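Dropping a structure here in C-alpha cells format, bear with me for questions.
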Amino acid sequence: MNTFGNIFRLTTFGESHGPAVGGVVDGMPAGIVIDMDFLQAELNRRRPGQSRLTTPRKESDTVELLSGVFEGKSTGCPIGFIVRNENQHSSDYDNLKDIFRPSHADYTYFYKYGIRDHRGGGRSSARETISRVVGGALAKMALRQLNIDIIAYTSQVGEIALEKNYQQYDFSEIEKNAVRCPDSQKSEEMAQKIEAVKAEGDTIGGVITCIIKGCPIGLGEPAFGKLHAALGAAMLSINAVKGFEYGGGFDCVKYRGSELNDIFYTNKEGNIRTHTNDSGGIQGGISNGEDIYFRVAFKPVATLLREQETVDTQGRPTIVKARGRHDACVLPRAVPIVEAMAAMTLLDAYLKNKTTRI
Amino acid sequence: MNTFGNIFRLTTFGESHGPAVGGVVDGMPAGIVIDMDFLQAELNRRRPGQSRLTTPRKESDTVELLSGVFEGKSTGCPIGFIVRNENQHSSDYDNLKDIFRPSHADYTYFYKYGIRDHRGGGRSSARETISRVVGGALAKMALRQLNIDIIAYTSQVGEIALEKNYQQYDFSEIEKNAVRCPDSQKSEEMAQKIEAVKAEGDTIGGVITCIIKGCPIGLGEPAFGKLHAALGAAMLSINAVKGFEYGGGFDCVKYRGSELNDIFYTNKEGNIRTHTNDSGGIQGGISNGEDIYFRVAFKPVATLLREQETVDTQGRPTIVKARGRHDACVLPRAVPIVEAMAAMTLLDAYLKNKTTRI
Amino acid sequence: MNTFGNIFRLTTFGESHGPAVGGVVDGMPAGIVIDMDFLQAELNRRRPGQSRLTTPRKESDTVELLSGVFEGKSTGCPIGFIVRNENQHSSDYDNLKDIFRPSHADYTYFYKYGIRDHRGGGRSSARETISRVVGGALAKMALRQLNIDIIAYTSQVGEIALEKNYQQYDFSEIEKNAVRCPDSQKSEEMAQKIEAVKAEGDTIGGVITCIIKGCPIGLGEPAFGKLHAALGAAMLSINAVKGFEYGGGFDCVKYRGSELNDIFYTNKEGNIRTHTNDSGGIQGGISNGEDIYFRVAFKPVATLLREQETVDTQGRPTIVKARGRHDACVLPRAVPIVEAMAAMTLLDAYLKNKTTRI
Amino acid sequence: MNTFGNIFRLTTFGESHGPAVGGVVDGMPAGIVIDMDFLQAELNRRRPGQSRLTTPRKESDTVELLSGVFEGKSTGCPIGFIVRNENQHSSDYDNLKDIFRPSHADYTYFYKYGIRDHRGGGRSSARETISRVVGGALAKMALRQLNIDIIAYTSQVGEIALEKNYQQYDFSEIEKNAVRCPDSQKSEEMAQKIEAVKAEGDTIGGVITCIIKGCPIGLGEPAFGKLHAALGAAMLSINAVKGFEYGGGFDCVKYRGSELNDIFYTNKEGNIRTHTNDSGGIQGGISNGEDIYFRVAFKPVATLLREQETVDTQGRPTIVKARGRHDACVLPRAVPIVEAMAAMTLLDAYLKNKTTRI
C-alpha cells in the first residue's frame, strides 16, 4: 500500500540504494502556482548533512518534476517526480546481507516477501519520506491559497521536554536552530543531549508537536473518515513513530467531563467559538474552526554504531554493528515530514468536503 | 466515509433514533462457520443496561443477518445486517433541537451538512458502533480458524491505572466484572470511581489495552499500509478516542536505542524470536510473530447530567442539561468495540497479505 | 466487489431467496429532497408482474429507508435500505441444488467459493438489481436539482430494431407500453415477438439505448476515470449484458476521421457546440455538454422453460428444466436498471469534478 | 483518476511534450523474474516509427526501472519507471495553443481545468499508453508463471474484416506483418487501405480482438467486480475506443436462449467444459476456464493532416490543420496496449481471488 489519500493522492516508490526515489501526486487541484524554490527548500529541511546534528551523508536531493505543471501552474493532471539517489555507500551494507538488524524491518520484509534489498534498509529506509515531503510541499502550495498553515516542531528529546503550550511560543524561532524547537534554551539542551548520545554510538527519540491554523469548519467525515483518524494514520505511517494523540490526548484521562468540555460562546465578530480547546479543533471527527494540534512520539533510531547481538537469515547468532553515517536522533529532520503528512491529509479532507453538497 | 477496510470491508449506516442501525460486510471469506450465539453475545457485551455501571436504557440489540450465509456458513457474498432501534425516548432530545452541546458533534455536523438529526446525536451517536461489533464478530469467526486471538480490557479509569504488564494478568478475569478489568481489586476501585462520578452528573475517561496473540508473521504493508497505522486509524475512529500508542508507545521517548531494541535469538523450536518486545509485535509496519499490543485513550463522555453553558444555532447563549440515560464512563462497553476494530483490521491485513505472492 | 462508485457509493447485499435485499448509499449529498413516491415508482418499473410481458411473480418490492434522511431531506449520512423478499418459491429450485444450469453463474460460484446458495440463483440473481434501482432513484433526486435527465428505452428485441436516431422519438411514449419502446408500432411487434418466444419456453435478448441530457461540461477524469469507461463498467455489471458502445460506437469503424469528427461552432447564445455528435457527448473521457448516449446489448435470459442437457456437481450428465415463473425477455424491466446505473455514474462524476479546483 | 486496478495497481503520469512519461506499479507480486528484454520488446511493439504504417516520429522509448527489483526479481515493493520524451517538435503545436481541435480533448480539458498543456495533446495524448505497456509487460511476467496467455490482433480496419473465428487463425502470424493481423492476405488489404487513407490526409478506425487462454476458473467478483466489466472498463479507458463486447457480444441479440446457452459436459479428463462458448469464458462475471475473448472498437484518429473548421478559445471560427507526424490508423500500435490492459486486469483479478478463502 504505497498510496496515501483519497482525492489528493500520493503514490511513492524507491529504495535507499536504488537509482531513485519518487512518486506521483494525483488529484492536485488545477491552477495552483508551483513554487519550485519552496519545494526544494522543503526537501532541504529534510536533507541529511544540513547541521551538526544530522548524518554527514552528502546528498543534494534535487527534485525533478516530470509532469502536471504547465507555465508555472498545476494542470490538474498527475505530477510525477524523481529524486536521484547519490553518494550511496552500498558496500557499507555488505555485512548486513544475511543479517537481521534488531528492531528494523529486515526480518519482517524477508519473511513477507521471500526476498529483500538489504542495502540501506531498502524500501523500509526513511529515504522514502523524500517523496512525502514533495507531496506535502505541493499540498502546502494549495493550502497557502486557502490560508491554512501547518507548523511542526520538536517538543521533546529524551526527557527534555517543552513545558508550555504551543500558544506561548514564537514559531519563527523554530527554523533558527538545528533541533527545530521554538525554545532556544531547551533547543540547546536537546542538541547537547543528541551529541552526547551520538558520541556513545547510541540513539534517542522524542516528540514532535504539530499545529494547524486556519482550518475551515467542516473538514473530516463521520465514522471511519474522522479527521483525527486520518491524521493519526498519516503520522503512524512515518518511520519510528510509536504514538499519536490530539487535543487533550492521553492526558484527558485524568479529567472529568465537566473540566474538559469546550464551552461554546459567540465572539464579537458573531462567530461561534470555544473558550478552551481540549477537543483539539476536531469534534465528532470534523474540524470546528479552532486550532488543530497533535503530538507524535518517535522511538530512538534502531541503527546503532555499536555492537548488538542478533541472528542471521539461518537463525544463527551473530553480532551486528552499523557502519556508515546515521542520525542519532531523527526528530529535527522529521519535523518537515510531519508537516508534509499533515498538509496532504488536510488538503485531501478539504477536497472531499467539497462533495458534501451539490 | 462509512466504509472500513480494503479487502474485508464493513460499511455502516444508521442513527441513534432512526428505524435501525446496520451495515454490510463485504469480503467475508467463504466457508467460515457463522456462530449466531457468539455474534449475539458480542453485541450483549456492548449493550446498554448490562450492569450497574452502564446506562439503564433497555435495548435488546438483536441482530438479523439478511444475506451471505447459507446452511450455517459464509458464502463469500456480502453479509447485510440490521439491528432495530427500540426504546428510543426521542422526546428527551426535544430541548436540544436548536442547541449545540459542548464537545459533541452537533456544531460541526450542522455546519458541514446544513442539516442535522439532533435526536440522540444522530449519526455521531456511539450507537453506530453496534455495526462495528457485528463486523468484528464476523471477523473473529474467521480469525478463530487461524488461531488469532484478540483480547482487550480496561487498564485505566481516571487516575486508577493497572501497574503490571499485560503478561502478568489472567485474561479470564476480564469478563467477570462490570469494568472489564483483569485485576479484581483495581476493578472494584474503578467501579466505585465511576459510580461516584456518575452521582455528580459528571463523566470520566480511561485507557483500554488490547493484545493480539497468534498473529502470523508478515501482516501489514510498507509505507502507508503499516499494520500499526491501520490499527491506529481503526481505534481513532471510535467515538471519544484521543490517543493511540503501540508497543513502547510514548514511553519510548525516555529510553536509548540500546535499551529499547528487541534482540533476536533462535528458540529451541528453531524459531526466530525477540527477547523483549518494545516493538509491539510490529517491525517496519509488518507483524513479526510476537504479541501485538497497544493502548487507546478515551476522554470522558461529553454528555453531562448537569448544566453547562453553550449557544444555540443562532449563536445565542443558553444552558444545556442532558435528560435521559447516559453512561458516566464508556470504557466497559468500549472494550468489545476495540476488539471488533482490531479483529477487522487483522483479518483485512491477513487477506491482503495473501496477495503478496502468486 | 459489491460497492459501486467512488464519491457517491452504493454497496449492495442480498440473495434472491434470503430474508431481504438491500444496500447502503454513502456519499449522498446533504439537503436533497427525498421523494418516497418517486423511489417506490422506480422500483415498480422494475418489479415483476407489472405487465403481460413479465414474470407473474407477485412481489410488492416495498423499500424501507433506515437512515440518512431527516425531515424529508438527505442528511449527508449513509442511507441504509432494505426490501424484504416475499413470495419466494424456494422449492421450485430444489431440483437445482446439485445441478449447474447452462450459461448461469452456478458453476463459477460453486467453484470460486466452494459453497453456493442455489435458490433462485442466489447472489447472481437479478434480484440484486433492486438495490441498484434504489441507489439510482436517490441519485436521480440529486440530478434533478442539477437539471440532468436520464432516459432509457428498449431499442431492439431480437431482430426487431428501431431505425431512427433517438432525437426523432417522443420519450413520453416510452412508459406507455409494456416494452418501454418509444415507437408504438415497433413496440407492439416486439411484444408479440416476446410472447411468441415465451410460448416456446424460450428467451430473447435485445438492446437498450440510454440518453443523458443536460450534463454539464467537465465530468469525467483523464486516463482511467473516463466518463464513458465508468458508464461502460456500470452497464457491463448488469446481469446478461454482453456489450456496450457510446456515441458512434462500433459503427465508427466504417467512417473516415473526416466524416466522423464533430466540428465546433459558436451558437447564437455564444456557447461552443458541435454540429454533429458522434463523440456521444464525451471527448477525451470528459463530457462536452452535448447529449451523452450509449447502447447496451443484453443476451437472451439463460433460464429456459424447456429441457436442456447439463451436468451435476459431480460432473455427471443430467437434464435441467426450470420450474417457476421467469421472464422471456428482460429488457422492459432492465430499462430502469440501465437508468439507475447511469444516474449513479453521473452523480459520482459530478461530485468528483467538484474537487478539480480549490 | 490515474490509477488502474485494486490489488495490482498502475498509476501513470506524463504528457506528450513534458520531460517524461512514467508510472508506478504497486502490488506486483514478489519473486517474479523481471525480463528487461521482454519489457523493452513490448514497448517497441507500441513505438512509433516501427513500420511503414506508423508515424515516422523517432523515439527510442527506453524504459528505466527505478525501484522494486533486486537481483533480477520483483521485491513486492512498488516499481517506479520513466521513459524520457525525445524528439518532440513542440513548435508543431504552436498554432494550436488557442484552438480546440475537433473531436479531441482540447475543449473539455480547457473547460474542466481552466488550463491546458496544448503541446501534442498534453495529458490526453496516447503517449500516456507507454506507461500502460510497461505495467502490462510486468503483469505478463507474472501471468507467464501462471500459464495465462494474452493475444490480441487487428481483426478489422474500416470495412475490411476477418471473417473467421479466432480459433481458425495461426497467432504466430500476427507479429509478422505491420498491421498485426493473423490473416496475411487481409493484412495486406488493410495495409493498403491505411496507406490510401493516409495519402488523403485522413484516418481510419477498426476493431481489435483479444483472447485470453489458460485463465483459471474463479476470477472476477460478483455484482460490480465482474471480470468482463473490469475488462470493459480497461478497454474503454484506451484513447479512441468507442465500444466493447465479449463472448457473443451485440450479436447475441439475434439468437434465442436455446441457441445461445453453452451446454456443459464432462470431458475425458473429467473436467467440466462447455460445448460452445458464447459466454466468452465468463459466467456471472466469473471465469469458467474456457477461453475469454472480446472485441474493442476504435474510431478513426481525430488528428487529420487536412483542413477542418473549428473555433478558438474565444469561440471565434478558425481553420485547423495538423502539422507533424501522425498515425492514419492506430490499430497496429494499439494491439500491445489492449494486451497490456487485459494482462493487468487478469493479474488483478487473480490476486483478488486469492482472498476468497482464508
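By written order: A, B, C and D. Residues from 1 in each chain.
Please note the rule applied: a residue touches a chain if its C-beta (ideal position, glycine included) is under 8 Å from a C-beta of that chain, and two chains touch if they have at least 3 such contacts.
Note that the structure is predicted; figures quoted are calculated from it, not measured.
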Original post:
Which chains lie in contact with each of chain C and chain D?
Top reply: A, B
Original post:
With respect to inter-chain C-beta contacts, which pair, B-D or A-D, contains the greater number?
Top reply: A-D
Original post:
In whole angstrom, how far does the Cα centroid of chain A sit from the Cα centroid of chain D?
Top reply: 39
**OP:** Would you mind pulling out the distance in Å between where the CA atoms of chain B average out and where those of chain D do?
**Re:** 46
Subject >> Contacts with two or more other chains, residues of chain C listed in rising order >> reply: 1-3, 12, 30-31, 76-77, 112-114, 123, 222, 352, 356-357
**OP:** Just say which it is for the chain contacts: an open line, a closed ring, a star, complete, or other.
**Re:** complete
Subject >> Footprint of chain D on chain C - complex, ascending >> reply: 1-4, 6, 12, 100, 102-105, 107-109, 111-114, 123-124, 128, 156, 158-159, 197, 202-207, 217-218, 220-226, 228-230, 232-233, 236-237, 242-250, 252-258, 260-266, 270-272, 274, 278-280, 283-288, 297-304, 306, 308-311, 315-317, 352-353, 356-357
Original post:
In the complex of these two chains, what residues of chain D are touching chain B?
Top reply: 7, 27, 29-32, 76-77, 142, 145-146, 222, 350-352, 354-358
Subject >> chain C residues touching chain B - in the complex, by the definition given at the top >> reply: 1-3, 9, 11-15, 18-24, 26, 30-31, 64-68, 70-71, 73-80, 82, 112-117, 122-123
